[in-house]
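Down below are the structures I want you to see.
Heads up, the next two complexes both have chain A, just with different partners, chain B and then chain C.
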Partner chain A sequence: MATGPATDYRLIGGRIPYVEGPLKVTGRAEYTDDLSRPNQLVGRLLRSPWPHARLRSIDVRAARELPGVYAVLTGEKYPTPFGVLPITHDETAIAVGKARYIGDIIAAVAAQDERTAERALALIRVDIEPLPDYADPRDGVGKVAEPIHARGLNGSNIQKEVVQHFGDVDAAFARAAHTVRVKGTFAGVTHAFTEPMATIAEATPDGRLTVWSATQVPHYLHRALSEVLGIPMHRIRVIKPEVGGGFGGKSDPLPHEIVCAALAIETGRPVKILFDREDVFYTNHGRHPTQNDIRIAVDADGRILAYDIDATIDGGAWSSFGTVTTYYNGVLSMGPYRVPNFRYHGRRVYTTKPPNGAMRAHGGTNLRYSVEVGLDRLAEATGIDPFDLRDRNALPPNSTTVNQFRITSTSFRACLAAARARSGWDEKFRRLPYGKGIGLGCGFYISGSNSPIHFTPVMPQSTVHLKVDMDGGIAVHSMQADIGQGSNTLLAVIVAEVLGVDLARVHVQRVDSDVSPVDLGSYSSRVTFMMGNAAREAAQQLLGQLLRAAAALTGRPVDDLAVGRERYWSRTDPSVGVSFEEALRKAMEESGALVASGAYRSPKLGGSFKGARAGTAPAYSFAAYVAEVDVDVETGVYGVSRVWAAFDCGRALNRLAVEGQIEGSIHMGLGQVMGETMSYRGTRLMNPSLLDYKIPMPQQMPKVEILLVGDDDPEGPFGAKEAGEGPLIATLPAVGNALYDAIGVRFTDLPITPDKVLKGIDQRTKEGRPWKGA
Partner chain B sequence: MPSPPPVRFRLNGQPTEVAVEPARVLLDLLRDDLRLTGTKRGCDLGTCGCCTVLVDGRPSLSCLTLARLVDGREVTTIEGVSPPQGLSPLQRAFVEVGATQCGFCTPGFVVTATAFLRDHPHPSREEIVRAISGNLCRCTGYLKIIEAIERAAAGGA
Partner chain C sequence: MHLDPFELHRPTSVDEVVGLARDLAGRFDYLAGGTDLLPNYKMHLNLRPHLIALEGVRELRGRSLERIGAMERLADVEAESALLAAYPPLGDAVREIATPLVRASGTVGGNLLVETRCFFFNQSQFWRQSLGFCLKADGDRCHVVPQKQKCYATFSGDLAPALMAVDAEVEVAGADGRRRLPLEALYDPEGDGIRRLRLRPGELLTAVHLPAATRGDPGAYLKLRVRPSYDFPELGVAASGALDGGRVRRLTIAVGGAEMRPVRHDSLTAALVGERLSDDRIRALADAVERATRPVHNTFLLPDYRRRMVSVFVRRAVERLREGTAG
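And now, the complex of A and B:
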């Protein structure tokens, strides 16, 4: 085989099909509900039909006596509070004392079969005292009659309040040439992954507990199980089978996972809890409904002087990630722009509704929409093209934001240039016929939360282990959680790239806490950056062992050896070299199976003020999207026909996966902008099904052109940054601004449904305003 | 309790006889009784298409099909659509273009598209979109799924 100096990567940057693809297209991939254990029982949950109620007594005697019932649990048996953030433990596995929303778990049953379990649930008698319910977060900001949680701020339902001020906002507004105010109301949306949650738990006579669960973050589940059940972590084993989508909805440790384990302990038998679709909707943890009121000030040249933001965030019944949400909602609204003065007052308020939490582009979506609509208005007011306005406000590379975020790589200006050129913006903007429009929206997002939730950034956020044995296969262990985004494939690609071996040699092992070293899992768009760096370090360590063996075999010094395909060869004499397998055999003479370990540690980032770490990340992604819309002005129905998605994820490591993330993000973003709504009547969720909660159909997908323009990031693995969440954000304002271009109506509230479009057109006509700009 | 009367049908080409209670749906029979877990349970309401199987060659939602109604019929699941070794051309196209992400909806799409391509070997994009509009996917935005079906059609699947 010809070998020459490698000028490019062999796999990195290619289009690498997902390694588990063949299993998924044949139905052979194993999800939690595809597994079962011998002698397994069925677990079922009794959910509260009351939004807020004191539980005076729960009579489970009849349920316990029903033949085929093995356990009935209520809240007091495992009352230890938990939650994903250690500072806001306000959940219990089963309600203790109070039920806090319609859907809250108030009892659980393990029975021989589904029917018996359902009958047992029907036999449970609950005596309650109804309490006031709180549907609107604005009703909970002051002192309330019955706080939903005792930890609410000063007798209110406020879960978290953030007040931040950097620079001097009032002075900036005083000298502004133009200002804009945008008030927006955003309906809640939910993840709508296709796989309902499922958990199997088994407590064995050796004193161990094994839990299989559809989770994005096996490590946080592991910790929560240990805390609530009072079992040391080393006696609990968490296994993550394939996960059928998460998007944030499977990132909290969830009560049913702990209940399932508790039932397994009580009964001594394996127990499975499988959610139906209603369970999924009531568990929610979707994007927070929010009310934003923002002001932006610019000078005469359109340079941003200040943001002034107020936000009320509807938390639902629990804290979940809410403290982070409250911070993110403010600080993630600044980039990709330089904002010299910034004031934010945000509050997340408990309501007696299903909990909200982290959903793809968590905390970076709703306020972003308001900001981008505001900038579009300012562009109009100043007579500056929306692209030019954003370009002159772009955060420069290697800079620091007013709240001390470290910005290293950014190709935001290249994103703008690419989207502008490819979309034909200059020929179309304000020139398309009535009903057709084009709009720009931008965004940025963290490439991994720099702060691990459970410890200061001293321990690694990600560790990857490799093992090579006599078969020449490379086993990769890591607790990173592939939930469909392709992180297993990325692990394999990085290891194969560094070692020079064929992808088929690399076997990414199932996540199993007994053997997988800790990686904090799939949230905050951290996996590519953090796991990728850990994998690269592990593979380089292994390569060192192989190259030393190759040096011994060839008589060449290690630094003369280069990596070819399945071969290590001499740079000075390319005819001298050994195969991977020869090097491996030699290396194993000394140590037997080769092992290596790599880790990623967060750098020290951020200021020293309260909340300074929220939103710090080792890198940020950037986006500029253009959308084209087509409105039927008679019916208000509209479609998005084209999206040009210019995205900076640094170097795209697997182009196929990056495209998949961008296309899927656009789908999810379109859902939120065009119609998805967690629809409530008071505190009652009215549409807990995929029939009534409509995600976009294939007919609604636009033609998407993806423009990857990122430069290598200095710290990302091979120069990569995230591409899992950032690609969603710009979709929403691009559509909103395109609708304005099409029909001359500003939409500040989401979703934008056809009835709102018609109302907007009527209103504009009544006011006698022209439909296009001037 | 007398055991319920059996249902006799062909399952992935094999004659099958199994006792089924009247209210049991085909999805439960396939997944829970016969352990054919390739067919997925996404909503139990006929909204997501994850449970799609072929009944007499036509895509059907097994969560809404009473198991007794397949008596005398031919049922093909994702296991039956897949060749004993390797992948069908359609499955290969799904893998190559990255039409799977989480993969939970994938068996339903593969089953639906297999029947569609059998009846429409040279489909237009619009026909493909219509054919898969009973299946939800939350990961891919459908674009790579459509591309995979186009690729399989072009390759003469």
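And now, the complex of A and C:
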């Protein structure tokens, strides 16, 4: 499909295989567990079998005495609280005083091998006082007998409460022609990345600590290690090997990473902690189970007048990103529409279950589902086609939302037009036979959180360093974290594009805090936009040095020189030019190796009210998806056969990577709609395995048609915006609305499993409603 | 999770197996494909210090229209198109077991004798310990039906109902020699869920025998599960039969994935012999099988739903059979 204005980019916009691809597909890429250090010990964690318990005493003597055991740690040794957000430090490396969920870490062992470590864990005696457990967040909104954390609001388990009101919602509802109310229930889901967490730590006699870890955000891990262990950051070195997926699950500094470092310090030997899948499930930080209740008001023409929202969000045992989650659930529900009046009351409540946190399209999926189902109902009530209804509510480019988000580029209307045309919507909607249906869902997401998590010191969000030496290879350093999404490739592409050199000259270096300048890492869909701009700036700086050398060699002024493939040549006389290597050698005469540094700084955005920064981003992505479903009305089993995914990521820099992100997002979104669920009985997770946690199989993937329709973003690198998280969001409501078209049942309790489908059909039949509305 | 050490024995004949089984009485498990046993061992479920590997026993191999050795890999059976065409329920079932990778290792015998499953049982030692062990492993109570001293774990093999429906027999070898019994007689209706097979101590399943009488009879096996691959059955229904001039000469229904053992519903199908397979009769039969099937809440899908699916699946399987006859 067409995209953006034509350009003569050499690499940008192409389909570039990942630079590390050959290593990954041949098994040569090094993930943390592929590494080992001489004399390495095995670290193991004792997890709480109790959902909520006061730890009266922990007797580790027998474990310490077991031959082959080098250290046994309990929480008191490193009690400094930490957490990804500086305002909510409520975690400790190992539980201090209380255990807060089944799976919480209450002791750790370093031993010569796995078996010895596990034997040692079995010898640890823990004396506890059981405390009341809290499975349902609704039970924690008032004063509770035993608050899970002291910081809960007024003796409750509420971790964060957000109340926002823009405009006048009550007045808007009073003049509404139609209103709709949707109450949604969403089970928790988890990232289920391929690579389990793994960390190696080594404390060396030179007083330094080195930590290799499967992390999305090496910088936050660096800070947390320093804070909890009391070691200055310059004495800690954080290395990120290849990472096999994260999706948000490796974006918090995690307790086991700190425990691993602590065990290394205690023993003086390298220690590795490798998680098994059950550990990963208990560590979780997945999407929050949520109950939301939204009312939407529209006028007679279907123009949105107001949203009125209430949301209760199940936080699990820790804060994690929860304060952000609480805001996002509200503020990210408005775009892609103009919503002139908005009221939101959200609360995130601690429960004694594995912590929830950031997961792909963090805060952007659950309320979105309810909104899109609500709009589908309003379209039916007003007799307006769902596409038309959304089109007339589209946020215009270069506008400001009621809560002062700055909208610059948006191709949302083009997304709608493309999805409508390609899917054959007008021939299919409400015209398919019983059991078959088509539905529309839309999406909106931040292209990078404008506010860094840490405000001190004030510094760029991303810095990229380049170095080119005699060999003509360009080394790229940045703490950006490639976790499989292709950011290393993007770095290489941008640098090669600007310098005009072959991609093979560019070597993106492993993230190593000793040499990589800070980038805040892979979360909030910030990397393409922020790192991309930093990389472009660094490359342009380097290009300047090369062009000055080329000017000296050719006798042409710098602004007469153009960048060709591996060559800088004169625009006025194209026969005059020098090769990249000639220019490089000349440039090196003065300074030796060339170095350059580029940075991205966030613009000043957002209002001045409390929480105004939450959800501000330098750009936003937009989506309109159509899904087609096929329901077996006797069994309730259904499949999603087709998805048309129209997406606005500005200019797609690496089309192959963007398509991969969209397909992967659709798969992940289908999981949340169709069957993935963190299944709890009370506070007990029933399915901590990939057999029982139902990720859709490849056979369940629909045929996906990707429609990239974005115009260039004015501030994105080469016009690009994010494509890593936004593409997930529209999947869910597109399927939900398609099910309604197929069988006449509205589903607001996710996942939509076959038993719920049958119950819905039963209910509809009982009420004597036809299966097609109107 | 790691495997605790065990002693591995590698016999090469059935006699040697029987001898080992006698010597190691009560302290061993047979190791066939290992696709179920070894994950269970990693979870520390009923560990035994000895494993008798059946890999090297030639007599347990071989596949023909009459006999399938117990150690035949599922993937190899899957490749026998004549065999699968001769017994349609078998063909349907074998293709639906787990994943291609599991079928490359898993065996016919292993699938018939697969450990029953329950989400209170198929969990790590940590998980089970935190709740309190159940009577199927290390404990003395059932978390599914706490008032009963019985294990309700679900029989989750696909081959058993399919092979039962075509009147397969199994051959077993033990200290008392060899014997053959109908497949359904392998699963003890009097069992308590822990003791659930009518095998004598140490007895080894050596082969499945397929009768000539049902060869070529139409039939089907239909499997309910959340995902179209990987998952164990949440219900499996096999139907096999033969019609003469539109009237039922033989009809069998076997149901797995629903209760502690696979069950053949001969008492419900017997009444249809000599009758035409009308839609009404099929529906009545399907409802009767549903009434006779009582799943409990120990798998992913809810028991009410699984039970309701029994009649849908029986009806569809019999309809397939009827169509197969017509065609």
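Going forward, the second predicted complex is superposed on the first by the 764 of 774 C-alpha atoms of A that agree within 3 Å, B and C clash if a C-alpha of one lies under 4 Å from a C-alpha of the other, contacts with A are read in each partner's own complex, and residues count from 1 in each chain.
As a convention for this text, a contact is a pair of C-beta atoms (placed from the backbone, for glycine too) under 8 Å apart; a residue touches a chain by one contact, two chains touch by 3 or more.
Being a predicted model, the structure only gives us computed values, none of them experimental.
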item: Touching partner for A:Glu91 - first (chain B), second (chain C), both, neither; value: neither
item: Chain B versus chain C as contact partner of A:Glu227, first or second or both or neither; value: neither
item: Contacts of A:Asp755 with chain B and chain C, given as first, second, both or neither; value: second
item: Partner chain(s) touched by A:Pro688 [first = chain B, second = chain C, both, neither]; value: second
item: Between chain B and chain C, more extensive residue contact with chain A; value: B
item: Touching partner for A:Arg28 - first (chain B), second (chain C), both, neither; value: first
item: Which superposed partner A:Asp519 touches (first chain B, second chain C, both, neither); value: neither
item: Contacts of A:Thr635 with chain B and chain C, given as first, second, both or neither; value: second
item: Chain B versus chain C as contact partner of A:Met697, first or second or both or neither; value: both
item: First (chain B), second (chain C), both or neither touched by A:Gly245; value: first
item: Chain C-contacting residues of chain A that also contact chain B; value: 276, 691, 696-699
item: Chain A-facing residues of chain C, complex; value: 1-2, 4, 119, 122-124, 126-127, 129-131, 224, 226-231, 300-302, 304-305, 308-309, 312
item: Partner chain B, residues of chain A touching it in the complex; value: 15, 17-18, 20-31, 33-34, 191-196, 242-247, 274, 276-277, 483-486, 656-657, 659-660, 663-668, 689-691, 695-699, 701, 704
item: Contact footprint of chain C on chain A as seen in their complex; value: 47, 49-50, 102, 114-115, 118, 276, 278, 634-636, 675, 679, 684, 686-688, 691-692, 694, 696-700, 753-755, 758
item: Contact set on chain B toward chain A in their complex; value: 31, 37-45, 47-48, 50, 77-79, 82, 87, 91, 94-98, 100-107, 110, 129-130, 132-133, 136-146
